[in-house]
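Each structure below appears as structure tokens.
Next come two complexes built around chain A: one with chain B, the other with chain C.
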Partner chain A sequence: MKRYINQFLAIFSVEMKDLMRQAGQFGFIIFLPFLFSFFTFGIGAGISGSTPSLEIWFYQIIGFTVLTISLIFAESSAGYVREGLLTGRLEYLLASPTHPLIIVIATALFNSIFALSIFFIVGMIATIIVYGVLKILNFILSIFILTLFLLPMLGINLIIAALTIIAKEPAGIVQPINSIIIATSGFVYPITLLPLFLQSLGRSLPFHYAVENVRMTIIEFINLLYLYPLPLLLLYFIAGIVIYRLLEDNFIRKRGTYGW
Partner chain B sequence: MKEIIVANNLVKTFKSKERKGLFKSNIKIIKALDKVSFKIYQGEIFSLVGPNGAGKTTTIKILSTLLIPDEGEAFVNGFDVLKQPNKVRESIGLILAPDKGFYVRLTGIENLVYYGRLYGLSKSEALKRAEKLVEIVNLGKDAYRTVDEYSLGMKAKLSIAKALIHDPPILFLDEPTVGLDPLSARRIRMLITELAKEGKTILLTSHNMWEVETLSDRVAVINKGNIVAIGSSIELKEKLGLKYIIEVEILNNEVKEYETTLGERGNPVIKITTDKPSEKLMSLIEELKEKKYNLGYIRIIEPSMEEVFAKIVEEK
Partner chain C sequence: MAGNIYKKINKIFAEIGRGFALWKSYKIFIISDFISAPFWIYFFILAILIYAQHLLNDKFILTNLMWGLFMFFFISSFLWMGNSIILVVQTGILENIILTNTKISTHLLGRSVVSVIDVTTGGIILILMAYYTFNLTLYIADPLFFAIFLILAFLFFLFFSTIYAILIIASRSPWIITNILQFIIPFFSWSNTNSNV
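And now, the complex of A and B:
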């Protein structure tokens, strides 16, 4: 057990240190939801000819924050695999006596903390600007809700990583999937505005439920009834782990996709 | 001697795409290893040499559990690479490319601690071991700089430290001196020799035949996935019937009885090719003394591993 904890902490802490030494990038990611939400808020004001309420801006900034997190989350493991293969780190990791699940859990936890810290900083600022301290408890609960939805997102993240092992380049896999996520999840507009088939696509993915539940928890309060898709969405998590393990074994160890 | 690495009839094939224009491609099956078998004994430096794509790295990757063979079996430190991969991984230190495998924004020490912990060391144990290793590999204070500032030589040293972080009994070193300047390469070679003296078993691959000859107890030549020759460098030279060249410089004399060439100092040099250099040299010196020749330098040129390599690979 001690060995597993050490291995887990080793992977988690190097990823954390590596990120901390790119603080500018982290700052830029935090800046993005503000940039886009002010932009759409401004366009809305310009078109309507009146200043919309701050609640509209809040709807947008929470949407853009969850969108940013979703996009990062979708491609983080694919990026980890690709960078690991290019830098040779993944081979050394796979040649060490580290259980593959520890690698997955440690990187997932790192990605989750990264995502949640973005949400915490942006969401906290936005909540205080719009609602003052009144909705702080709601906001803290929304972090918990987001954490729950990160699990199925992690499943998708692992499936994308596994596909990256086959395709070798993440861009070809990640970009089409990200486009689908952005278009169908209703981050900055209600999903009901979309044609039915796109709505169905959006409802089959966890991102729509994540952003809707997070927004609702902050504005109103936690409503367990709206969490109904979560148990089903957790199948993504299980599928992600199974597919990743199968493809990693088959393509890296059996087929030797990465040369000899 | 104890057999510490055993490879039995290893077979590995890869599928490769041959592009035939924009859309068409053929799947080509490449047999990287075709029934490769060898044994390595405890404390031995064993080199695997061969042309590019011969199967050296595939062999190392199978032995280090990174690749699964299609057929055959392999044992490392008594453990089956397929059935006991974690035991195998604990037994080996690995260098696949001396400049790769690092988090470049982290320092050398931080990278070593990371790898130490992957092998089950606690943070303090890993740090202690890392500090000792950076001294051994002569990295010194540079170990506290981030890896993106390292030269290739420094990365190679760090790679050796990385491979040794959990003090494994076996080292797999895939071209550990590739791209290094002569001084750095010499330091790495000295380190490899010291490690072997400490009792570590080393499987080495290199394209530098002089390095292979200097370091190795035994050498296996692999070509197109087959082991085509195996033995000590002397055994291989004898097996191939490679000849030694004896050179004797003659001073202030005209040589009539022997064929000569003009030497570096403008004097005639007798050159004789033989497979028994000491006997031939003794008799030649006797003859030359009897004939009152003044002798200059005497040199025996051994056939090099490069010749061994060229002869084996070209013949096959």
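And now, the complex of A and C:
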């Protein structure tokens, strides 16, 4: 057990050091939801000819933040695999007695902390701007709701990581998956504006429920009725682990090694 | 003199050839672009029109937004072309380019092939999406002028991206600047809205 904890801490600390070296990246990701929401706010104002409501801006900035977090989460392990393949680090990691799932868990936990920090900073600023300090408790509660929904997202992350091991080029796989997630999950607009088949696609993924529950918790309060899909969505997490193990084992059996 | 011109033309054709080879070597991106583009179009249109949902049936506004998106694809694609200089530096290719007395703009011409193909693909998908999902017909009033202005825009962005590439060459995280500029430039160019509105 101690060995696994040490492996976990080693990977986690490497990720932390990597982040510290690129503080600008963290700043940019925090800035991104503001950039996007002001961008649509400005064009929306230009088109409608009046100053749009701040509630819609809030709806969008929370949506853009959860969207950014989802994207980081969806491709984090795939990016790790790709970087590991390019630099040869993955070969060494897998040749060492490090358990592959320890690698995934350590990077996922690091990404969870990273994602929740982004949400905390952006969400706190946006909540105070629009609703004042009155909704701060609701906002803090929404962080816990988001944490719950990170688990099914992790399942999707594992599936993408496994596909990356096979296809070797994550961008080609991640880009279409991301575009489907972004367009159909209703991050920045109600999914009812989409055609029915795209609505169904959005409703079958965990991202829609994550963003809706987070927004609802801040604006109104936690509603257990809306958390009903969570146990079902946890199937994504289980499916992610199973598919990852299957594809990884199958690939190693065929090729004898990872990557090229 | 004639030999000099011949050399330059030769370099340009070599770069164009390299661009096509580059594009063909990433087949997965071609498929990925075809799948992603319609979803991105939906996303951008609805993210903007949430502020004025009654305009979802306004053909004038939607047509302008579609052309705005085309310009966004155009600007974004060429900014990423400028950003590609970083890979050229990292792989040590830039040293050889300088040694062969080739201009950076000539070298970027190769990468511009990928950008032009990307913009064309995006444009075709945009026209199809406009017609089949938003019931719009994006027509070109004067195809000759359209072609002339596209060529001018291509030349402008080729040189603009060259200047941009030189400016970001020493930057530690140039992708951050590119990501921001790809939204800021179209926004301040009024390419997503109609200035008469």
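Some observations on this one:
By our rule, the second predicted complex is superposed on the first by the 252 of 260 C-alpha atoms of A that agree within 3 Å, B and C clash if a C-alpha of one lies under 4 Å from a C-alpha of the other, contacts with A are read in each partner's own complex, and residues count from 1 in each chain.
Assume a contact is a pair of C-beta atoms (placed from the backbone, for glycine too) under 8 Å apart; a residue touches a chain by one contact, two chains touch by 3 or more.
The shown structure was predicted, so the numbers you read here are calculated from the model rather than taken from an experiment.
Look at A:Q22: by the touch rule set out above, it reaches both chain B and chain C. By the touch criterion defined above, A:T87 lies against chain B but remains apart from chain C after alignment on the C-alpha atoms of chain A. Once the two complexes are laid over each other on the shared chain, residue contacts for A:N6 go to chain B alone; chain C is not touched. In the superposition on chain A, contact is made by A:A45 with chain C only, not with chain B.
Once the two complexes are overlaid on the shared chain, A:S96 sits against chain B while remaining clear of chain C. Chain A has more of its residues touched by C than by the other of chain B and chain C.
Once chain A of one complex is fitted onto chain A of the other, the partner contacts of A:A108 are absent, as it touches neither chain B nor chain C. Residues 22 of chain A contact both chain B in one complex and chain C in the other. Across the complex, chain A is touched by residues 12, 14-15, 32, 53, 55, 57-58, 61, 64-68, 86, 89-90, 92, 94, 96-97, 100-106, 110-111, 113-123, 146, 162 of chain B. Of all residues in chain A, those touching chain C in their complex are 22, 24-25, 28, 31-32, 35-36, 39-49, 52, 56, 59-60, 167, 169, 171-173, 175-176, 178-180, 182-184, 188-190, 193-195, 198. Across the interface of their complex, chain A is touched by residues 26, 28-29, 31-33, 35-37, 39-40, 42-43, 46-53, 55-56, 61, 65, 133, 172-173, 176, 179-180, 183, 187, 190, 192-193, 197 of chain C. Considering their complex, residues 2-3, 6-7, 9-11, 13-14, 17-18, 21-22, 87-89, 91-98, 252-256, 260 of chain A touch chain B.
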